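Each chain carries a letter (A, B, C, D, E and F) given by its place in the written order, and its residues are counted from 1.
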């Protein structure tokens, strides 16, 4: 099974963190293929960046092409997820979505714990996009500056554990999700210090992508996620243009 | 990995259907252990039967004892699920829950298609229990009598496919869930005749139980799903009494 | 008028408290018949215990048999209520339901004040089951150990009054409900010390049961609360088995 | 026990219907005191009329003065209810409120069946005001002209029964409420022809008013329903002005 | 363009504040016509007063008669708004409605900041009436006594600014609305001291009334806001009676 | 006053329709500056296209630069709106947002009537994004093929009027919104044939943009819509990169 692990951020170190934590959760036969955005911002953190980064995620999926059993958009906030689900025939899973739905099987309400308050409104709107407001106790974000996005999890480990414990004590969280992508792998290190189940989004996403790949649901041919008909484009990245114009099919693509 | 497939109904033929469809979705190393209720009703279909069947599910989990990596309560409607999640240390997944959360990764809104209108109010309340009202287009139930619970999927295959197509056309479902337990295995047979992804609840549940077993979240030691303290009981089935009274621990149980 | 006051807990002292407070609220002609669970736990406090206790409540209703004008399931959290409403032809009222609906006529939002944090998640889910989330300011629970379930109201009177006042000041509660069953009778003692209307659940439940008995609505013959058709059972308590199998009718029962 | 049955419409025949049906549901010792609006419209049916009629209801309550144990605002839609609850020290119950809350104890979802489509938006907003949207399957209104408001229940009996049956079959109503005031007494006549419990709002309201009178909750001294402080007024009906200016107290009123 | 600025309170000084702030926001060609209630209370602040004040607002609109392009009901809480929208053919805008809808274009969530806790429950119900619960972070009210309604904005300027800043810091408000009518004009004075956009309700209302006047939507001839048919009345203010009885039309009114 | 009318579609004819209808609604002193996307698709109609088109809208706003008092993103569905509100200091209004909020002042519930079923899921998610679900009766879309996007309003005028009438009769819409951009100007032509107020989104948007420009709210300096701090970018369109990197300020920009 071949799963695309798509990081819509330009920071390769974050892709490495994602790959390492994702790999640990993967089944023996699963090949995880990492891919880092070549354009965009180092780390998507606002609505505007998610708008841009989601469009870049679509470009990357188009460029990666056929041959994957499933793909993961590996930014908590799930930029471009619903558009990708519409456009491509293989299953696409979001980091936030996978983490939240997995958390739902471990308790009635989860808390999202993260390292920067800038992320909170975007994450908040992601919870609403997935219709999971009643399952979420809210978002708790550290309000401290940090050195670098790729080391934030080591630098802030203790503060994040304290925050997770607050989410349990004050917000009555049954489950804690440590997000986003730069915290990949942290859950495993700190789970003994947090008294409720702790979710690592990329581990959850790899398992959920495998599940969709195994269940092999047919691509929608009706409803709101069927592939849109061909449409002319101007000035878009060539692989994405090819997908929207349906030129991929002429090339024998099974995308 | 050892997963308990617990059928809270007394009909062994339904357990066989569940086992066959669950087994097909399981990973190579997974051992699926079926268990049929020794007391209760042939097929849980109403609120009263779910109340009783949920209590029986707790008895069965207590009796099955330690040694499982995860358990599935294999009745759509998830009788006893939240109580089980509270009481036992291994992860417990519900058939409805697993099907609905998996469906959420394939579209914005799913429809639940089933074979008897008697089931609809119970399923409806199950959707509310999981807080997924905005993700569900509703429940569509056949209103035709059938010969037997264990053959209903063969007898009503065409009618169920028609109903699923109605759910797509009229209710704008992005995904269809064929439920409950007696329809186990049907999704795979009919998926070409339904133009959106089709979910088989037991296949989804086996994969989700595996996922929780692999992620190995620690049992909650705080929050609303921590194990309740010991409490005396009167007249309960012995293994369940032992769990509630914490006598299992004295016997070296790891439950 | 004959009303069954069913305590699904095994503690007879709690039944006595319920009876005393219920009796004070009853109309002159009302005969209140108390009944204590013969099996189960001393005091239902968790989801698992509610699952079991609800099934026991159904057994008790079946055993009590015909001849009642209405019944009260006298545990806040209403274990087994919806199943009972489905199965039996006489009206059945829950303690939480009666208290909350009565509170709705005295203000826009009520607070549930109780003596143990263990009860909060169960009560919370009960509010959701009744669709009254927007009418409830939340649940405030004491977090102090207590000597015995039957004396907790005396021991913690002052602390509960302080908590009720907090619910008014901080949560903007218009009405306070003192729950569950072990607090029966407390409302009357402390109402002068709480500056909003205070509800005693069992007093409300007795009055609401009388109301349904007087209005004499016909048992549903359609819809989701019609009595289910006969169904075979295995290993259930005999009176409940008789009800589910419709053997009660053959015996001329009017249940 | 003395209960004020306040009809905020100017049609005395409707008051008579309300009194007759209310009287049948009342307890032996209850004295029901009818009162018909001296100004306003024959039958409140729109938002504008409810705005005016609610203000008139407050005038009537002020005029009726002290000496009542409880009052009923006997127009479905509950004009002036929340203001009355704020202003007066005796309990005040609305016709819609009492009917809907009583219906909640007989099934999960009720339908409101009425005789004119003009009433639907006002009733709809009343359901929202009480936060009962999830308990209501909607409003079904006859769309036929009728002779007179005081005979509409006789003239349209069959059509209303058909509509109630539609509410059960198509909307899955567990309970039917026959409203508003001009249908007082109809429920009892037709309940055999509707296969779910049928609520007569005035019967429910009389019983609920009695319940509040018996439970004797203290008037709120804090929270959003405490009596507002004294305030000068200009040009209001004298008894209402006296209440708002707190001149009633100086006269030894216990209102 | 001629816009009626209707103050349903009897305090002329508040009308002057409203006029001054409204005038500053008005387009060059707009004539703003102020009107102060001749009966009622100095300042509407409770549910009961809103019930009465809303009826008075309808009387005032009827009395003002034809010749206006739009009207503003200038009390935050929008007393009588929906009834007015039903009854009259020119557009009618509420102060709260205009402020909240305008705020929605400047951020995802607004806070309502006001000068008295008495106003909070009424404002809260107004938010619900407009279905904007998810856009509102709540209501923050000063809890300090003040000298006079017409000077409260000067007296409490600093305290209100502090409160607005709290709404931003603690409630995560994207926008602040300074309400109600007695704070007209304050937003402009203090906007530099509040770090998010600040809305002056009357400025918003004047602009929204102009917008409706320019767009010239036709009065509804169907749906829930069509003008109700003629109906007899008793004892109502003559101009309002004329409107309800449709006697205005006979006089060539274009109302 | 200078308002940017930004069409994120590449079809210049649609920009012309928008400009013509927008111009008619504009105030005398308003200069409306049209701008058509140079890259993208002829007409945004799906989630994927909205993801891409929203990113293009941000590029266009950055390119247009300082000097505008407000901007309109003139595609119903509001692609890129929340990101734009975050990034730029002038007010930005969406076509859907302006239409829906304006409709809210003309009735309780609006219907969105459009020319293609492809648009419905995107519009639906836009309603949710704005939290207006309870104000919307749903989306009604023609299901007929059409010749060209720029003539569809003429070709389908009668069918759209029929659909709007259905929305009134069947869905109980109080207001109808004719959307999206290719229907600009149609509302005015057909309003006599639809018995409730009809909204032209671009007319509403021009007026709402003017309103925000007149009220001159300060750009948020706190909360979730403050401008994000500078961040490096790779491979983005130069003007947008300059905005995200805060290089625009160094050039004396007032953006």
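Odds and ends about this structure:
Methods note: a residue touches a chain if its C-beta (ideal position, glycine included) is under 8 Å from a C-beta of that chain, and two chains touch if they have at least 3 such contacts.
Chain identities (UniProt): A, B, C, D, E, F = Asp/Glu/hydantoin racemase.
Predicted model only: the values in this text are computed from it and were never measured.
On a Cα centroid basis, the chain most remote from subunit A in this structure is D.
Of all chains, E has its CA centroid at the greatest distance from the CA centroid of subunit B. In the CA-based superposition of subunit A onto subunit E, the rotation angle is 120 degrees, rounded to steps of 5. Chain centres here are Cα averages; for subunit A and subunit C they lie 45 Å apart. Once the centre of each chain is set as its mean CA position, subunit B and subunit C turn out to be 29 Å apart. Residue positions 82, 85, 108, 121, 125, 224 of subunit E each touch two or more of the other chains. For subunit B in complex with subunit C, the touching residues are 10, 38-42, 45-52, 54-55, 58, 80, 82-84, 86-87, 118, 120-121, 125, 128-129, 224, 228, 231-236, 240, 244. Contacts from subunit D toward subunit C in the complex involve residues 25, 27, 82, 85, 91, 93, 97-98, 101-102, 104-108, 130-132, 134-135, 168-169, 172-175, 191-192, 195-200, 203-204, 207-208, 210-212, 214-215, 217-226.
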